[in-house]
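Two complexes, one shared chain (chain A), two partners (chain B, chain C).
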Partner chain A sequence: MSPEDLIAVLPEAILTVVATAVMLLAAFRTKGKEEWCGFVTLLGLLAAMAALILQWPPQGPAFDGMVLADPFSFFFHLLFLGIAILIVLSSASYLRQERLAAGEYYALLLFATAGMGLMAAANDLILSFIGLEISSLSSYVLVGFRRRVAISSESALKYFLLGSFATAFLLYGIALLFGATGTTRLTVIREVLRGGLNPVTAGNSTEGIVGGSPVLLPAAAQLGGEVPTSLIALAIGLIFVGLAFKVSAAPFQVWTPDVYQGAPTPVTAFLATGSKAAAFALFLRVFTVALDGAVYPWPSLLWVSAVLSMFVGNLAALWQSNMKRLLAYSSIAHAGYMLVAFTANSAEGVATVMFYLVAYALMNLGAFAVIAHMGNQGERYVAIEDYAGLGFRSPVLAGCLSVCLLSLIGIPLTGGFLGKFYVFRAALRSDLLGLTVLGVLNSAIAAYYYLKVLVAMYMSEPTREVPAPPVPAAVACVLAVCAGGTLLLGIAPQSVLNFALYAAQWLQGRM
Partner chain B sequence: MYQLLFFVFAGAAVGFAINLLLQRHPIHSALSLIGVMASLASLYLMLGAEFIAAAQIIVYAGAIMVLFVFVIMLLNAGEEERTQRSRFAKYLGLPLILLLVTSMAAVIYRQVPQDAMVRFGDFPGRTADIGRRLFLNYLLPFEVVSIVILVAIIGTVVLARKDSETEGPGKAVVSEK
Partner chain C sequence: MVPLSYYLILSAILFTLGVAGFLFKRNIVTIFMSVELMLNAVNLTFVALSYSLRQLDGQIIVFFVMVIAAAEAAVGLAIIITVFRNRESLNVDRIDLMKL
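Up next is the complex of A and B:
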């Protein structure tokens, strides 16, 4: 193991060590341990961010090509760590209020972040899968963290059962892909499928799964060097099922509203932003690198899923009265918008998905921070009518929520608007006119239910007494970052977009 | 001979799996699961993967099944209650599953060449090969798996322990009796 190898996984290593330290701290300290755990967690996340700087300039492969420390992974690491920091800041008061065990909560959050980092950096399906499992297992537990609340346990069980089922599909797809190409290394799969590399030698080379002799002959080799097309199509389908579940794209979205509603609100925010971004990172890497669109027509699969997600999410959200459920359906719809850009199947499309994930993370974290704060003890006030008159009672809180909601609608001068704009531009440039029309139509439908919340906040009288506790400093900080970031992305998107474009080109070109 | 053995064990695996679902008593289901595991182990052995076959027996048929049976006995689980299944699952579930399985079988049957049989040592299935690969090429994933296990342990403790306000470390021991 060379120093470069170590640097490539240093952020994950730091996160894991800090997670263990946080648990030990929680076990030994009796007084004020919540504050200490939160503080150490924050320090760990910042340290991981600092370790990330060592990865610049991008060095490429480490661990014999098992891990790629490329700009793509750099971008997603920054995003995950940023999301985790905001989640930790908005969790502190929530944990105290609900009297949850802080040590394990923060430890699981850190482990989940480490798993996501591996998903973004892995160049081998085996490592991607293990990263996915780490982040999924941690999320299952985090969802069920309010053990005294029945709905939380119920949603954790639902998430666990459906999630394991989806993971099984993904794993079967990976196995079939390995059977067809003889390797699990993404970049090698790409070469094999393009016909540039003989599957036998791919299996034989040190990069393939079967280093050295004797050789395991993949199906491709036994068909006389021909790539088994329908076997790979089957593998693509199964992998798609597993990943579409994780990004909550239709028709695999059924779990989303129940899980988002039952989970503790900061965890919901983490699922909607972090887990979704990680799943998209893996999605992009597998589909645009290994299953290069030039060879396989998977974009048509994504086309169907994108349209379904947008319509199912937006139409179902129209009837919701619970804020968390509303944002759950909105999250399905937004997965649909991102799939639109993904369907475009170009470097620009990939960069757009990455930009959209950043904008979406900021606006969603802000909205969920307000919901967590407003919910009060036991999350009693999460209905839309509880927000009635909020604009007059606490104007700042309502203002931040408004910025986030306006961005979710896609009003100009917000990150959400530019995200949608780039999505449709990428789709149009790839001649996806029908998909673009359906997408724009959906943005119009979506405006209705976000406006419903805005109308409640500014134009209706409160129907019942909703307490308005003072906003803790940490939550105020989160709100400032989210609202400010959303506006900043809407005004000056260039730096983020350019970096995303650079990462996407690296992803597609340098393989 | 090879084909005969294959169909015996494959048939046994499917038969035990169906039996597992049909049995109403958890302990009968658990016993069927042992049958499934053992049949699968024989199939692995026939594919020349002796390490996986042994691991299957030791880990699944041995350790995990003992755990299952323990849990069933501890919980004193009775007969399973059948809930009113959803109509969607009742009428569409089975046909859809059959459709998926047959289409997968058709693709694999068409595209994977039907080799007569796999001889031992045809590909790296020996324990030494697997060990070398695990600790050289796949060192990183191997190490990272330990985090998965750690997360699982923490998860169980978090979800299963009693409320922390009401108990100290001493009381947990008493409550076990």
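Up next is the complex of A and C:
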């Protein structure tokens, strides 16, 4: 292992070491351990961010091509670490209020973040799969963290069962892709599918067979000596099922509302932003790098899924009265918008998905921070009517929530607006007129349910007494970052967009 | 020698059985075992392909999958126990606190 290899995985290494340290700290320290654990976690996340700087300028592949510390992975690492920092800040008061074990919580959060980092950086399907499982297993536990609360454990069970079900599909897809191309390395799969390399010798030339001797293969004869198209199509379908589940795209979205509702609110925020972004990172990497040369037209799969997600998410959200469920359906719809950009299948489309993920993370983290704070002990006040009159009781809190909701609608001057604008522009440039029309139609439907919350906050009288505790400093900090960031992205999106475009071009052009 | 297709068809059948078990069984533990069956069907595919392609990659993946399945079992059984403590039931039809 060379120093370059180490640098390529240094952020993940730091995160795992710190996670272990946090668990030990929680076990041995008795007094004030919650604060200490949170503090060490924050330090670890900042250290991982600092380690990320060492990866710039982007180097070549590490670990014999297994890990790619390219600008794409750099972008997503920054996003994941930023999300994790904001989640830690908004979790501290929540954990104290719900009397949850802080050490384990923070440790799992760090493990999940490390897994996401691997998903974004992996150039090998095995590593992608392991990263996905590291982050998923940690999230299953986090979702059920309020273990004495029935709905929390119920949502953990649903997430776990459906998650492992989807994982099995993904794995089967990986197996078939391996069978068809003879390798699990994404960049090599691309070459094989483009016809540049023989499927059987491809694996040998790059991976080296054990013993070093080139072997003549009976499999070549069995598989016909060329890439079997039907096998590839089946593999793409199965991988699509697994990944669509993780980004909660229809028709694999059924778990989302229940899981988002039952999970502790900061964890819901983490799932909606971090896990979704990581799944999209993997999705983009697998489809635009490895399956780029596939004969099978996978964008048509994405087309169907994008339309279904937008309609299912937005129409079901109209009837919701629980804020967390509302945002769950909105999260399905937003996955749909991102899939619209993904369907465009261009560097611009990839960059748009990346930009959208940043904007979406900011607005969603802000909204969930308000929900977590408003929920009070045991998350009692999460219905929309509990927000009635919030605009007069706590104007600042309501103001921050309004900025986030306006951004979710896509009102100009917010990150959400530009995100949608770029999505539809990318779709139009790839001649996806029908998809764009359906997407714009959906944005109009979506405005209704977000406005319902805004109307409740500013135009209706409270129906029951809802306590308004003072906002802790850490939560205020999160709200300021989210609201400010959302507005900033809406006014000056260039730097983020340009970097995303650079990363996308690197992703597509790279061998 | 048994041809590759036999193994692939067998593992496809096992995978389908797993899917069917997941969809139609009502006991949580049985559903969980169905998922394990699916994972092992995939393992069989990996091993068969690996042997036929003369590549060790596939067999190494199987080790990773086994480790992950073990970790999943640990987490999954813990979650099932918390659910049982809260609801006193292992029937999925009764795990219905949240509905549309």
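Basically, the second predicted complex is superposed on the first by the 487 of 511 C-alpha atoms of A that agree within 3 Å, B and C clash if a C-alpha of one lies under 4 Å from a C-alpha of the other, contacts with A are read in each partner's own complex, and residues count from 1 in each chain.
Here, a residue touches a chain if its C-beta (ideal position, glycine included) is under 8 Å from a C-beta of that chain, and two chains touch if they have at least 3 such contacts.
As the structure is a prediction and not an experimental result, all values here were calculated from the model.
By the touch criterion stated above, A:Ile126 is placed in contact with chain B and with chain C alike.
When both complexes are overlaid on chain A, the residue A:Ser155 reaches chain C alone and has no touch with chain B.
Of the two partner chains placed by superposition, chain B and chain C are both touched by A:Tyr140. When the two structures are aligned on the shared chain, A:Met66 is found in touch with chain B, with no touch to chain C.
Applying the stated contact rule after C-alpha superposition, one finds that A:Glu104 touches chain B and leaves chain C untouched. When the two structures are aligned on the shared chain, A:Ala316 is found in touch with chain C, with no touch to chain B. Of the two partner chains, chain B is the only one touched by A:Pro228; chain C is not.
Of the two partner chains, neither chain B nor chain C is touched by A:Val17.
In the superposition on chain A, contact of A:Gly179 is made with both chain B and chain C. Note: residues 126, 130, 133, 137, 140-141, 144, 147-148, 156, 176, 179, 209-210, 215, 217, 219, 222 of chain A belong to the chain B contact set and to the chain C contact set alike, using the contact criterion stated above. Per the touch definition, chain A reaches chain C in the complex via residues 126, 129-130, 133, 137, 140-141, 144, 147-151, 153-158, 160-161, 164-165, 168, 171-172, 174-176, 178-179, 182-184, 200, 203-204, 207, 209-210, 215, 217-219, 222, 257-258, 261-262, 316, 319.
Contact residues of chain C toward chain A in the complex are 3-5, 8, 15, 18, 22, 28, 31-32, 35, 38-39, 41-42, 45-46, 49, 52-58, 60-61, 64-65, 68, 71-72, 75-76, 78-80, 82-83, 85-87, 95, 97-98, 100. Partner chain B is touched in their complex by these residues of chain A: 1, 9, 16, 20, 23, 63-64, 66-67, 99, 101, 104, 107-108, 111, 114-115, 118, 124, 126-127, 130-131, 133-134, 137-138, 140-141, 144-145, 147-148, 156, 176, 179-180, 206, 209-211, 214-217, 219, 222-223, 228-231, 233-234.
By the touch criterion stated above, chain B contacts chain A in their complex at residues 103-104, 107-108, 110-113, 115, 121-124, 133, 136-141, 144-145, 147-148, 150-152, 154-155, 157-159, 163-165.
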